[in-house]
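For reference, the structure I am asking about is given below.
Chain nomenclature is as follows: A, B, C and D, assigned in order of appearance, with residue numbering initiated at 1 for each chain independently.
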């Protein structure tokens, strides 16, 4: 049975001391680490990973990231990263993120990844290992 | 005499080992550190700083950041961050960034900051210390 | 009933992509983040925190840290940080750390913290909030 | 003519905003980044680098690091890292660091690196590329 769409994962994290800045809040650039933790957790739960790509000689670097902050996070806060996979026909991987604390929206964001072969060239069509994954999850 | 518009600064940096990831390139989130270094350098050269704000009890957190990657940077690369102040009438600080290596465009980005008073409330009008700065630079 | 001595905590963590360097291993400086996560987890489990100190106007900065590496950690590895509180009569907080992966010793380390008052002066005797904690845990 | 011994380099740096923590000082783990910047600068000035090793299939991971703090550094502080190469007959690279601000000692530290071949095995004798470097600098 295919999974419910859109594919999304919620990951619970806690703000660490070294992630906070002199304004006593999480330094804005550290949200990209939270997005990465959410994306990796999504990968573990939905059966797709950096290692799958790597074993095929393919890298999936981030080529675009956006982050918008509504509320600050502070040291010790427990929060959730909701990572949603946005499907498209293109040779790209798009995720949208929402960070919640006590069910209040703290931050939204998105990342776009492309596929590079082992010469560093961008693939114009979706590589087989990723098509396989899309089929397994019912996206194709 | 007013400065040439738009106000911009070029800052030369070098990629450090710990900024690179297993793909042998700068980890995408570290570009926000480069933007910060560019923005702080702009502040020093154009006479505006975090300390000016702080002494008035005002914080200027980043509420939005965007980063788009065209080419990778690798360990040891020397590159330039061009930080351009985008003026607006609103109570916001907008910067656009371009990163160049050997005059090739590596990355573009932008950040938006707002003004918060010491209760953490967002200011709806531009605070006096920042109007002063705009006047000094000829923006007003 | 007092707790078993020495006081120690085991914290399970996973290596994140952005913590790894071009050698495909965790960058050595990131182990201090793991020690911090272990120390904070110890604090939560044993009822002592940065906030307790902060509410008394006391800071507990790290004044010494040591890290020795036996084996590398790689992206995705799951490991445990064992944080052991080393009691002493001095106005210092000493922790020793051992990091294990599959019960093999990966790394050892230690940190020393001191107490500063709100003028940034080092306290020569243990502050009351910390004596209270020592009493509660049976160390005094 | 051989260089003056011990071989050392002074590198001027400035504290960046994102390196500071809620105590308004540089987070202790970031000093390992400063040591790395000092060590890399030493390498550039004395003609030895990560790339030299890498081209021989050799990695030089850090296996031990120590950091002791005397005074804090704050946002915007300009400081100097003095990196001193400590020669020994063993297959190890030892550096000692001193960080100064306004000629006051802020921090001391050291790092030890070993040589690994491309199978990840530790070399028990000094590899040729490093012996060459020692000869060039007059250490041998």
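Structural remarks
The definition used in the following text is that a residue touches a chain if its C-beta (ideal position, glycine included) is under 8 Å from a C-beta of that chain, and two chains touch if they have at least 3 such contacts.
Molecules present, by chain and UniProt name: A, B, C, D = Acyl-CoA thioesterase.
What you see is a predicted model; the values in this text were computed from it and never measured.
Interface comparison, B-C versus C-D: the pair with the greater number of contacting C-beta pairs is C-D. When you average the Cα atoms of each chain and compare centres, the chain farthest from chain A (Acyl-CoA thioesterase) turns out to be D. Rounded to whole angstrom units, the spacing between the C-alpha centres of chain B (Acyl-CoA thioesterase) and chain D (Acyl-CoA thioesterase) is 30. Measuring from the averaged C-alpha position of chain B (Acyl-CoA thioesterase) to that of chain C (Acyl-CoA thioesterase) gives a distance of 35 Å.
Averaging Cα coordinates per chain places chain C (Acyl-CoA thioesterase) and chain D (Acyl-CoA thioesterase) 25 Å apart.
Chain A (Acyl-CoA thioesterase) has residues 17-18, 29, 33, 36, 75 in contact with two or more other chains.
Residue ranges on chain D (Acyl-CoA thioesterase) touching chain B (Acyl-CoA thioesterase), taken from their complex, read 16-18, 33, 36-37, 40, 49-51, 75-76. Looking at the complex, you find that chain D (Acyl-CoA thioesterase) touches chain A (Acyl-CoA thioesterase) at residues 17-18, 20-22, 24, 27, 29, 75.
Against chain A (Acyl-CoA thioesterase), the residues of chain B (Acyl-CoA thioesterase) that register as touching in their complex are 23, 25, 28-30, 32-33, 36, 59, 61-69, 72, 120.
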